[in-house]
Amino acid sequence: MRPTSSDRPGARIALRDVSLGHPGTPVLSGVRVDVPAGQVLTVVGRSGCGKSTLLRTLAGLLAPLAGDVAVDRAAVRGPGADRALVFQEDALLPWRSLRANVELPLAIAGVPRPDRRARAAHWLSRVGLDGLERRLPHHVSGGQRQRVQLARALAGAPRAVLMDEPFGALDARTRAGMQDLLVDVWRDTGVTVVFVTHDVDEALFLGDRVAVLADGRLTAVHDVPHPRDRAARETPATAELRRTVLAALGAHTPEEAPLRPFS
Amino acid sequence: GGAASAGDGSTVTVTVGYQSKTINTVTAGTLLRSLGAFERELHTLGAEDGKTYKVKWEDYATGAPITAQMTAGKIDIGSMGDFPLLLNAARGKQLGRPTKLVSVTGYNLRGGLNTVVTSPDSTIDDLRDLRGKKVSTSVGSAADGTLVRALQRAGIHPAHGIRKLNQQPAVGASALAAGSVDALSQFVAWPGLLAHQGKAKALYDGAELNLPTFHGVTAREDFAKERPTVLEAFLKAQATATRYLNEHPATAAEKVARATGLPAEAVYLYNGAHGIATFDPSLKPRLVAALKKDVPILKSAKLVDGVDVDAFVDDRYVRRALGSAAYAEQVAAEPPEGRSEVWAKGSSRTRSFTSPKDLLRHVAAHRSAVRAAYVPDARTGTLWFADRAVWVADGPDLVPFVTAASARAYLDGHADATLLDSYADALRRAAS
Amino acid sequence: MSRYLLRVVSLVAALAVWQVLTSRDVELWLRFSQFPTVTDVAHSFADRIGTGTYWQDVADSLRRIVTGFVVAALAGVVAGTAVARSRLAEDVLGTLLEVVRPIPAIALVPVAILLFPSNEQGIVFITCVAAFFPVLVATRHAVRALTPVWEEAVRTMGGGRWRVLRSVVLPGALPGILGGLSVGIGVSWICVISAEMISGEYGVGYRTWQDYTVVDYPGVFVGMVTIGVLGWATSTAVELAGRRVTRWLPRRAAGTGGGRGKGATVRATDLV
Amino acid sequence: MSRYLLRVVSLVAALAVWQVLTSRDVELWLRFSQFPTVTDVAHSFADRIGTGTYWQDVADSLRRIVTGFVVAALAGVVAGTAVARSRLAEDVLGTLLEVVRPIPAIALVPVAILLFPSNEQGIVFITCVAAFFPVLVATRHAVRALTPVWEEAVRTMGGGRWRVLRSVVLPGALPGILGGLSVGIGVSWICVISAEMISGEYGVGYRTWQDYTVVDYPGVFVGMVTIGVLGWATSTAVELAGRRVTRWLPRRAAGTGGGRGKGATVRATDLV
Amino acid sequence: MRPTSSDRPGARIALRDVSLGHPGTPVLSGVRVDVPAGQVLTVVGRSGCGKSTLLRTLAGLLAPLAGDVAVDRAAVRGPGADRALVFQEDALLPWRSLRANVELPLAIAGVPRPDRRARAAHWLSRVGLDGLERRLPHHVSGGQRQRVQLARALAGAPRAVLMDEPFGALDARTRAGMQDLLVDVWRDTGVTVVFVTHDVDEALFLGDRVAVLADGRLTAVHDVPHPRDRAARETPATAELRRTVLAALGAHTPEEAPLRPFS
């Protein structure tokens, strides 16, 4: 049932001295990072630092201002089914039911209708939305819409998933469930993941490496000592890394947070 | 296709364009169609040459679309008034689809087919009062020609002396009703129709000009050359319709009224036994001469560069259709004298009277039984509705006129004549 | 339901006002004195509706309008989309279409006569041209105003130009296109007299113009009423079809229940 | 810029095709043989453009169209908004307007003459009616398709009906309304001949019809070209004004730079 | 400069056995809760449990299916300037610059233009968006848009603010700043706050009380022992409450979270 793509391993994404931004608004410069096939890179940074801009550039929706984004050594010239993007904003097609939204990448890939329907049902069920298949997007809650986007991205069996705060509107438990779903999919398919999040714990839990954006640059890429192990969170190494990342973000770690840090 | 076409070599479709509302053309249009005479002629023809003929009738509001369709090769035979005929000739030649004037439908030798009217309560009662006023007409029509000539005779500059509004007849009629124009110069059917409806009174009778006006039939030259027998069949049928009209004027008027939506009373005013129009297919030299006189008017209005009328007129077909002898007779025939007539309700024929006074006496006696009463203008002979006419008492005589101006002209020469204020007054005098 | 009652009442009230204005020959700046009264028109209508000609007119006009409209709708959506999405199409077609767009339907009468072998084709051509441009313009505007993220989403799923057209542009622009179709069918009717001037025989527009040429005002009004009703029927058909395919649009609760019904969206006020 | 060049080239090419079709008397189903050639029309044009009459025609028509259009735009936006947002207005006005909407402009000629004291008013009335309905329908559709959350936001700020109208409905519906205005001014021009049938003296529409009644085809084409250019100018003015006030619309990068320029949105393809 | 409304204390919001939902879709029933003037009630619950529906009902945008929402004892009949709502979705007017969006409630309240401008600048600056005043909403990032909504809601000086995951798209440090801003405003004006969040820590930090929605009901309202004191988080009482709330949400506390809680 579950679509596997063991024949198509994850994509390798490489940026060498890339500058990016919107027409007339440069956002990041000198970005250099290499995401090997099948790796999970999580990206953190303050609001407005350029995380979404980076993902849109990787997706091929924005052309870099300088340099090239390479996927498996070929420069990206536009978007493609190999790189799925979970948008930060609501990107469901409002005239399609949840099911039809999830079916869309399958239809594009030419999957026949009954198969498409079954797979869409499968993915909607995995994100916990059984029973809502036939609703329209604006008849479900914000968190539900976000999960449909996730299901849609995964249904297309991409070689890389680019996720822009995909779990931002989810409660703790649902979020954990989605994280696990992602880990499962990653295990099964070896998909490459670039994952933007505001939750440093999430970044540490999911990422093989954590990239930090600040001041218009990619300032650091940290290896995570014990990735994908919630219980291992509180090892000294992890705690140290969390402190480092939070400090890089300019935040105080919870333990030392004063009541009014910068009022 | 619209044009005479021999689809599989044996079926020929002839397309005839006509103007049902321009009732001076009924013998080549409305009446002809309702009698089925053309179809019968073609059937006879088909029996001879083994072809199947079909007729496609197309009814237009004015001559322009007919000319347009003819230049596009889609109409073979069309009928229209004298000015549109000249445009038809000019455009046909210009666009490489020359046309021929092959017969006349109806005519009035004095020009009585065109009339200038005002609203019934207008204070204008002389053409000279039009100076500086708004007058609606259709530029390029015979009615415009009448207006221009009449104004010239009245000493008013036809372009600068009045404000001429160029409007479709129907638009002009609405404008007159709404009071946004002071007078309306139009051709056959409209003046009579508006007078009958009580929406207008005559200001100037075109017959005062004493210049012939007529309507005629035009055919595409290539059609005429290719199918002369069809054209002759048409003209024969036209002659049949003309005969029918002259023999059964009231029934013919009823038929036309039914087909057009015009009131039969107004149709009879023009097409009746002594109606304003005389129906006769022959191309009389007087009419052709009149046509030539119209050319400069169109030229000065920059509507045509010039028309070779002699090349346009072609009487060979009608001559052959009617037979030379009969044709010569027709050419020589004079229109009947105007006579007073009463059309009684429920009757299919009219009753004529030797004098207008006799008519009035009859009407006064049978008021409720009278459908319409017509009297000829004492000066121009133009027939008019008795109840819309201007009456003058001259001794024992009661004399009708189409317009007040015409009546005044009579009064000038007859010192003891008096103008009556109303039709009722005239009726009273006749009865006593 | 009382809504339908209200609609009927409003139509009847309009007729009553007309009757009063015309039968009393009211002249207050606007002049109603020359107008036919409702009863005049009703009589004319009663006379005509029994004739075969009337129904032949209706059938002919409907056939012409519907044919012209369907062709125009397809062509308008295609051209509008092309102009909105392709710079080349915009440059090559855009200006040309903008210059041709305002050309009056009646001015096309001679063109239709000259260009087409048969009059029917000419008539359909004119109604088609009339409907084409509103559809074109509405489509162009609707396609240009599409939320870009929808297209972006489909493109990240590997959708190419046709997929984007089929799955984003057409459904997303549909509400706007439907507005254009509704206007388009209306404009087709607006031009039916001009188009049928070349008919020579049948058609509601033809008949109305013929009636006007003999200054038969009640007849003209019968034509206007007939065209009004036919136009209303066709545009209602378009709107209903449209509503079916745009049911997804989030709507304010207006029209779903009375006032502040339980469970309904609370509205500031019903009027405006 | 090469875009303008391309536009000019496309116009010139269209003229060249016309010239070839007409001067060679092409007849392939469509028949161009009786059409005036470009040179015929150009000659007529040259003759006329030097006359005072021509410019008087242009000035009169422009004045009438612009007046009618401005009135129609205001009335159409107001009525369209009312019908879209108020159930009462929809019931009372909606059906009535839908029945009146398809009534042909020419059928309004007698109405305009009988109703209005002066011809000018009648002409403006007809152009105004012509433009009114497209604006109405477009406004109604645009207002109905508004994203509800905008209105909800303003209402939670304490905004009442007028504030919602002013701050949400009008600006939000503006892109759609502008489409309607663009169509509306086009339809005004489409009806200019019908309207100016009343004129009797001046006006481009009047002149064109007059030329047709004397079957002067080059004259008709001069009229058509003039109306085309005037219509293009007025609708371009409307579109430009529209673009200024809808600059906020998120646009695809189309038309902002060449192909896949650095920093521009990458587009799947230029054509479609 | 800062608009205070000491003369207009916070609103008191009361629900007595209210049922709510969307036309045809009941969501919550028997909701009973009282928010005294000037209190902060945080609301937690799983995705799709009805948090947004509750806030929309309080705002007066949705009529309750049964029962009445009372504000200061008067039943709510529709939305009003007294209750500002920060929407979960993007509710900025896209044709207005950020500044013009923030000015809108002031314009509605009839504040004269220069004053309006100054106050909008003040609020935009407090949410850290100086320099972006004249941008249009779709030319800024998701987190920036969310902060504009916050500024807009506060600028209107409402008596109650209803906030639907207002900080969901913000990084840890910005989020802390916004929390502090909210606390400041609350201190200065005594505004009543109903705050929906997925972050239980945030709920505990900001709330005087925490309401839990689950299974179509409001299941519990907990008093927070040491509200608005980050340092006090790790008191036994707080830790206990956190565990309780997380358990109510069906989530495992971080300490005991297994790697794959429900796959």
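Order as written gives the chain letters A, B, C, D and E; numbering starts at 1 within each chain.
Quick note on the criterion: contacts are C-beta pairs under 8 Å (C-beta built on N, C-alpha and C of every residue); 3 or more make two chains touch, one makes a residue touch a chain.
Note that the coordinates shown come from a computational prediction; the quantities given were computed from them, not determined experimentally.
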Target chain E, source chain D, minimum contact steps: 1
Interface ranked first by C-beta contact pairs: C-D
Chain at maximum distance from chain A, centres defined as averaged CA atoms: B
Distance between chain centroids, defined by C-alpha means - chain B, chain C (Å): 41
Rounded Å distance between chain C and chain E, as computed from the means of their C-alpha atoms: 48
Multi-chain contact sites of chain E, meaning residues that touch two or more partners: 22, 60-61, 78-79, 89-90
Residues within chain B bordering two or more other chains: 62, 68, 71-72, 168, 170, 174, 177-178
Multi-partner residues of chain D (at least 2 other chains): 31, 34, 109-110, 114, 116-117, 155, 212, 215, 217, 246, 249-250, 265, 268
Residue ranges of chain D in contact with chain E within the complex: 149-150, 152-159, 163, 167-168, 171-172, 174, 246, 248-250
Parts of chain B lying in touch with chain D, wherever the complex brings them together: 62, 64, 67-68, 71-73, 87-88, 91, 95, 97, 136, 138-140, 163-168, 170-171, 174-175, 177-178, 180-181, 303
Residues of chain C touching chain B in the complex: 31, 34, 109-110, 113-114, 117-119, 197-198, 200-201, 209-216, 219
Chain E-facing residues of chain A, complex: 22, 25, 44-48, 51-52, 88-90, 139-144, 147, 165, 168-177, 180-181, 183-184, 198-201, 228-231, 233, 246, 249-252, 254, 257-263
Contact set on chain A toward chain C in their complex: 59-61, 78-85, 87, 89-96, 104-105, 107-109, 136, 138, 152, 156
